[in-house]
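You will see chain A twice below: alongside chain B first, and alongside chain C after that.
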Partner chain A sequence: MTLPQVPILPILPELILTLFGIAVMLFDPFTAKPHKSWLSSLAFIGVLAALAGNVLLLAAEGEYYNGMIIVDSFSVFFNFLFLIIAGLSILASRQYLVREGVNHSEYYGLLLFATVGMCFMGGANELIMIFIGLEITSISTYVLAGFRRTDLKSNEAAIKYFLLGSFATAFLLYGIALMYGATHTTHLSQISSALLTGRIDLRLVLAGTALMMVGFSFKVATAPFQIWTPDVYEGAPIPVTGWMSVGPKAAGFAAFLRVFFVALPALDQKWFWVLWVSSVLTMTIGNTAAMLQSNIKRMLAYSSIAHAGYILVAFAALTPNGIASIMFYLLAYSVMNLGAFAVISAWSLSGERRVTIDEFAGLGYRQPWLAAAFTVFLLGLTGIPLTAGFTGKFFMFRAAINSKLYWLTIIALLNSAASLYYYLRPTIAMYMREPGESGRTSAPQDSAPLQISMATKVVIAVSVLAVFYLGLFPSTILDFAQSSAFLVH
Partner chain B sequence: MNFLKYIWLIPLLPLVGCFFNGVFGKRFSKVTIDFFALGSTLLSFLCSVGAVWQLSRLQPEERVFNLNLFEWIPAGVALTAHGFANFSIQWGYRLDPLSAVMILVVTGVGFLIHVYSTGYMAHEHGPHLGGYYRFFSYLNLFMFSMLTLVLANNFALMFVGWEGVGLCSYLLIGFYFHKKSAGDAGKKAFIVNRIGDAGFMLGMFLIFQTFGSLDFGTVMARAAEAPIEVYGSVGVLTAIGILLFLGATGKSAQLPLYTWLPDAMEGPTPVSALIHAATMVTAGVYMVSRTSVIYTHAPTAMMVVAVVGGVTAIFAASIGLVQNDIKRVLAYSTVSQLGYMFLACGVGAYFVGIFHLMTHAFFKALLFLGAGSVIHALSGEQDLRRMGALKNKIPKTYVTMLAATLAISGIPPFAGFFSKDEILWQAFSSEYGRWWLWLIGVVAALMTAFYMFRLIFLTFYNESRVDPEVEHHIHESPSNMIVPLQILAVLSVIGGFVQIPKFLFGGFDGFERWLEPVFKHPATEAGAAAVEHASLGAEAGLALFSVVVALTGIYLAYRFYYRPSSAPDRAMASAKPVYTVLFNKYYMDKIYDALFVNRTKDLGNALWAFDRGVIDGGVNGSGWFTRFTANVSCWWDKWIVDGLVNVVGFTVKMLSYPLRILQTGFVQSYAFLMVLGIIAFIWLYVLR
Partner chain C sequence: MDFFRQHILSITTFTPLVGAFLLLFVGKENKNAIRWIANLFGFLGLLVSLPLWFWYNRADGGFQFIERHEWIKTIGANYSLGADGISLLLILLTTVLGAIAILSSWTAIEMRVKEYYIFLLLLQVGMIGVFCSLDFFLFYVFWEVMLVPMYFLIGVWGSDRRLYSAIKFFLYTLVGSVVMLLGILVLYFHMPEGQRTFDYIQIMNYLHASPLASNIARFVWLAFFLGFAIKVPMFPFHTWLPDAHTDAPTAGSVILAGVLLKMGTYGFIRFSLPLLPNESQYFKGMMAALAIIGIVYGALVAMMQKDWKRLVAYSSVSHLGFVMLGMFCFNPNGVNGSVLQMINHGISTGGLFLIVGLVYERRHTRMISEYSGLSHVMPVYATYFMIIMLSSLGLPLLNGFIGEFTILQGAFQVSYTWAAFAVSGIILGAAYLLWLYQRTMFGEITNEKNKTLKDLNFREVATLFPLVVLALWIGIYPKPFFEILERPVNKVVATVQPDKFTVDSMGNLIVPDKAKANPLPASVPAGTEAAAAIQRDLPTTQSATPGVEKK
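== the complex of A and B ==
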């Protein structure tokens, strides 16, 4: 008897991540408590191995497993992005987990499994695969959001995210079902060709499209499905919030882009206007609400909504350049946001205290390097030149201008300018205010010298370098993104 | 191993040393710093020896090795007098007999001075001083720049080295930056050199415009085909020659740009020896020799070079007669000796210029290092009036310095005799030579012998005038300072035997033949023929005469300074005005201050006054208007703009209140909002 030959190369990064995830969980019972941190090292090695595996994918482009998985430079780019996010998040979590007393290896296992799901979302060529990837990601994320089990807020975040997420996923699945009913296929390019034949029920397809967009909009947190974001981001552990605000969001956009540009280009005049409206709403709600926040996690939650809105601007451009600029921006946004959350995690005290903007007062004198890095990230998020945020926004808005979306771009620019108001608030607190000025009295241990672990320092340093590298030399990444964007479009 | 293929290592190795000491030096121990600084220099020297040895194995006419590493500046096509030319600059090295001499001098003398510095700068090492690693990092950076300068195969890369050595010179002159005088001297060196560099750059532009290339090989081949310009006229080659020479006067401290070099003595003494005596300041001589083809085709430029060189030689020597700072005497001596080298180049005897460059590198480096040893022994004392009777206290320093002094004074058989005598002979007999150029050289030689032995007598003989506080600290320097002195002393004695005039033992012209392929082209051959007819007897007679002149100088110094007597005082009293003028260096610094420095400051003041009078007047006038409009706009701001801003703020707040109201925190209401969103989407897609 001969076994069927199954190629493993197309899903090599996913396989590696899964094996390491299982290994991390298996080794946990055999590891004494003081040594648990080596499991995070193991998980990090797994990410590095998956990165190496991902390099091999470049040479294996094509469709696999009856067209369920596709390997192209688009999926390879997103795999890189997810793995970078996972690696930085693992490093950024080490100190935090120990400090909060939740240093359980499941955390790293779940992070790796969620990354597996994200990689499937980027590489899926078929609606069911996308759904499976999305579910793997979501379920891991629900657990991670509630990882501080004894904390009420963390529990609240998990249950809210779980209930609303399930609700949204149901609509996505319903949309997929309608799409299958109309076109008799779930394969993306077959849907596209079915639409071109004209012998299908257009109302079913449109309803399916609407429901799928509901599902994706929920995942990437765009209006009117952004409502869960602030509560969940505020309650989840800080490193998880940082990871959630970039990883699952990027995965959602990867699937969102591929489905709409590969399967549904025939209907683009239909969904263009929905994107337009959603984009304006998302940006404006995100920025307006962010101005009033005093909790920095909540502020960055609204900021992440606003950024999803900017991304929709380039989405609405409907051009390969627009897709490429979104890919570039997701990378830029990821390093800026991960860096910012790493700083917040380093400055906060156990029990997630010291996370309001007022409590950043005087950081510029107590921790000049930390404050400088935080300023870089905040300026990057605003889109100040020399940073990745500027080049990213520049490419996205240029794509929109090239598609003659003048009004949308103007609204986006106004929003971007207004965002400076709240991004500068922590900076002003750090450099121009004395600690304790806000009237809060700090406990004696709060003024103890800050211990920042090497891993956190590495994350912050790498992010700062990446912010400047992408801001000054964007062409390498952008060229790669552009070449893959043509494949999708 | 084929050393020629690896000549890029010669400049690279010191750069590596510079990198390690510069970046990590603060945490290194002294031994580690020494390892990187000396190791890289020694390896570089060994590579140079290997490469030169392999070069010498080749046939004389094949002794040019070009190595282009990569294209450094690809700038496209430009229109030149030579038609369309591709402006492309290679990062390339060229080893030929001329650069071979230079790299051996630079790495060899450079290494000895590195060794010496480990002793001289030792007290700078320490966790809180931190000057030690900085010093060696700069010194290695200098080696890299200087080797790039002499190995470059085109003008642009040469200019990189040219600017690099200027930078290192600035950094090292200002090494003790906490002293204001050191910082000022560094700035002066840098600014004065800028003037020369402007000339160099203009010359470079004109070369590209004329020949359509900056590559030495191409430019020299094309220049050799150009017609020789008429003496007295200024053609394009003359213009190039004079512009390049302006660059050389800056770097090599010639009139009128020499003023920075005496001030440069603020730097540590090994720096004075390496940069401001043996290597960097000779870059101008090297550059003129490198472009000898251009000069040979421009007799006017040659005459300029010769006259400036000769006048500088006598001018600087006369200042050196009366200076009291031991390093300043040597500094003016360096300026004067560089003048000799330019005199040689100006009369078409480039190989003699390089020959004197080499011997001078030996004995002047030795003199500076010896002076450093004296200063070291006297705990930092530099004033000749507070020295004396050191001969038996620091005998090794004394013997080596005496050898160098005899060499510079031109006493046979020391190295300086052969090179200086050849310069004087060429100034007299060459096709471009003049009897008055020879006379200038002889008078300068008299002065040289005088001021050098004045220095020796004041330092080592006589009764001690040393401060009693310092007196009992006097000690001979450690061996890592003395051994380089002794090696250089040997070189100062035998270094001249590579080129011996014909009237002595039949003569030996090894050095001339070695450099011949570089300087030989049709135009020089005509000149060489003219020299042949001069008689052997005349050459011997002139040589004898110059030795007598040198001995006269020594005798005068002996009369004035060996025994305490009233003779010098009487001589000074009778020539008080001359003495004052010389002592104040012809007031050149004051004149420059008055003519240029203060005029530049005046210009600044005038602009400031203009600012204050005219512009501020306008400003004040407009001030009233501004106040008036300010009141208007204040009202406008208060009621209209603030109103608008408040409206915006109010709107944002109003907008965010519903958002806040929506953000109830209840999952049920969130789900309800989502349902509304879903209905909206369905409506947008299906029903609209």
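== the complex of A and C ==
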């Protein structure tokens, strides 16, 4: 008996990540405690290797494994995105984990496994595969959110995310089941052609669509399924929050986009209005609530909700341009947010103290470069020109106007302008107030000079450069996204 | 030299950026080194912009010094710069005031000197960029980016309620500009697929060939209006201005009043009028009404101020009302006067803010009641104040008079009512300025602290002197300025009122034959004074200096 020839190239990045993830866990018992940081280097090398593997994928476009996995420039783009996020997150976590005394190698293993799941979500061509990818990602994330085991808030975050996340996954699974019941397939393009025949039970399909939408909306945190976000983001360790706000969210959008544009374009007029309403709610709730926060992590949690709302604006455009702009924006948003969280992590003190906005007072003069970088990230999130945030939003709103979504765009633009109010608050604290002016007096040891590790500095520097690069010369990335977006549509 | 000539606009725009970049590498303890470098680059920025004045071809009303490079090809955004007479004068105003603002900060700023000058230089880049962009995308980038340094200038180095004012300034203008962005995108998608571009000239040509549906065009016009009117600021969008001007540091106020507000008026004359002429006509009445309310209201509120700086701030609302009124006359006199008055306002009000700043630096109060009889201890100061104050209120032989006179001429040609209200604004202006001067400069010194005030030193005189020279130059011999403005303005006017004015490709007005000209435009009842004025003026409008030679 001979085993069938199985090509490994289509899932090469996933395989590399898995191997390195296992290696990290395996080497852990044999590594003395002071040398544990070596394992994070190993994980980082794994990400670099996977990036190299991903380059090879460009030459291997097509469907594989009975159509379960598809390799196209869309999936390659998202693989790149997930790997960049993973790489930056690994670097950004090193100093933090040591400082908080939770420098266990499972952290890096889980991060790599979650990335495997995300890559599967981006490359899945079939509903079950998406579900598997989502589960790999989610389960890793539940653990990561509770990684500061002794901290109550971190525990709360993990439990909350786990309970609500399980519900959402159940909704998704139920939706998949209904879809299968109606169309007798879970393969995306076969669902699409089944819908076009007209010989299917539309009620089942609609119910399935609605349930899947609930599942995805939960994962990308759009209204009205965003309630979990602030608590989870606040409780999770800072680097994990940064990673969660971009990685699983981008993966959720990748699957969301692929399912709805490949499998369900026939129903787009039905789900368009759901997106429209959800978009308005998401933006407005996110921005309004963000204005009221005093904890910077919570503020960025709400801001991430608002950004999901902007992305839905481009989603509702229902055009390849819209998809391309979402892809570009996810990249732009990822570097801005990861950079911002790296700054927060560098400024915070052990035990996650010094994370309220007022406590950023004086950062501008104690650490001018750190503060300048933070300002760049915040202005980028607002969407001020020269930053990735501006070009990203510009492309998305351009796509929306192209589809004549005037009102939605106006609401989005005004929301975006209003968001300036809370993004400026840290800059006020950093530059326009003296430490202690807010009424809090910091303990003397808190004013000790900051020690920022090389890895954190690299993350911040790379993010700043990426923010400006995408803001000034977006053509290369945008063109690539545009060419991939046509494949999906 | 050839390279310089071809890239003069880029060089002018980015010279301050080089300065800001160099400053990054100077240690923050070397305050004097920082000041020298900043001043050097402020002055250098002025120096490299001066050839524009000499190289500009006055016989051609189109854009000159054009530079064009591909930028974001996928969406059709280009790096394209160019200047016509209108932008040219504003660019020069920016470089002059920029250099002065930097010089004026030498002793005023002692805290965080390095960051201060970096922001001031970055601000300069954004403002010059706005005036020479010929691409909507590029324009918008400059337009918004300059908000950031201004926000920090007010927020960090401002006084009193600086946080409130800084955020208010940023939020107000941002709301306006995002709505403007929507208008830009609608124009962009009006272009046929495949030809879509943000190029200003191509969009304009296409719009003239196939206009937008009128309801969409009005929507776009209003989107632009919101963006520009907040910036100008026109009543009722002016509420950010007194706060921002009052709380900004002196140099910030000079730049705010001198240049930033002109970005709004420039936006109207560069975009709203030529791109959407019919809609500009349609909203003419509303604009005139808002402008007139601004003139009178601004002047009345200015009169009641106890705070010196706030008074000057409100006088800006009034003066900018004049600029807007002149612009919406849509005749050569009104528009010429409007642009010249933008320059004049930059000179006079910039000067007035410097004047306030000089005593504020000495006494750290802006209350008018704290000062009296300053002319006894500071005679040089009082003299400069006098000249600048008179230029602001429009005394003949000074710049303000030329601008206001030309605007009034334009207004008379359109409507007596407009002109009557505008004249009342001049009278009120004279009232609050003279009263201010009398209260602060004349009388006995009532406050002990004022007895020991030092008069101006050489550096301080150097900040005011160029402004006074410019004020006198424009006041006595404005012809060179009108020569630069004439043809570009003719082009604008002919675009908005093609039934009344026609121009050739260079921007020269073509005087209609007597037979054709006789039937007067429908909007002016024949036989009235206004109609007579039009007939009287038609032959003279083609002369280089409308209305001025008659003096």
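Following the convention adopted for this analysis, the second predicted complex is superposed on the first by the 488 of 489 C-alpha atoms of A that agree within 3 Å, B and C clash if a C-alpha of one lies under 4 Å from a C-alpha of the other, contacts with A are read in each partner's own complex, and residues count from 1 in each chain.
As a working rule, a residue touches a chain if its C-beta (ideal position, glycine included) is under 8 Å from a C-beta of that chain, and two chains touch if they have at least 3 such contacts.
Remember, predicted model here, so these are calculated numbers, not experimental data.
Asks: Given the touch rule stated above, what does A:G62 touch, chain B (first), chain C (second), both, or neither?
Replies: neither
Asks: After lining up the shared chain so the two structures overlap, which partner does A:I410 touch, if you call chain B first and chain C second: first, second, both or neither?
Replies: A:I410 contacts chain C only, not chain B.
Asks: Just to be sure I read the superposition right, which of the two partners does A:L206 touch: chain B = first, chain C = second, or both, or neither?
Replies: A:L206 contacts chain B only, not chain C.
Asks: Name the contact category of A:W228: first (chain B only), second (chain C only), both, or neither.
Replies: It touches chain B, and chain C stays clear.
Asks: Could you look at A:M432 and tell me whether it touches chain B, chain C, both or neither (first, second, both, neither)?
Replies: After superposing on A, A:M432 lies in contact with chain C but is clear of chain B.
Asks: Considering only the touch criterion stated at the top, classify A:L386 as touching first (chain B), second (chain C), both, or neither.
Replies: After superposition on chain A, A:L386 lies in contact with chain C alone.
Asks: Between chain B and chain C, whom does A:G101 touch in the aligned arrangement: first, second, both, or neither?
Replies: Neither partner.
Asks: Identify the partner contact of A:G351: answer first if only chain B is touched, second if only chain C is, both if each is, neither if none is.
Replies: neither
Asks: Any idea which chain B residues touch chain A in the complex?
Replies: Residues 652-653, 655-656, 659-660, 662-663, 665, 667, 670-671, 673-674, 676-678, 680-682, 684-686.
Asks: Which chain A residues qualify as touching chain B in the complex?
Replies: 159-160, 163-164, 167-168, 171, 203, 206-207, 209-211, 213-214, 217-218, 223-225, 227-228, 230-231, 270-271, 273-274, 277, 284-285, 288-289, 291-292
Asks: Tell me, which parts of chain C touch chain A in their complex?
Replies: My answer: residues 72-75, 112, 115, 140-142, 144-145, 147-148, 151-152, 155-156, 162-163, 166-167, 170-171, 174-175, 178-179, 181-182, 185-186, 188-189.
Asks: Could you pull out which chain A residues touch chain C in their complex?
Replies: 365, 368, 379, 384-386, 390-391, 394-395, 397-398, 401-402, 406, 409-410, 413-414, 416-418, 420-421, 424, 427-428, 431-432, 473-475, 478-479, 482
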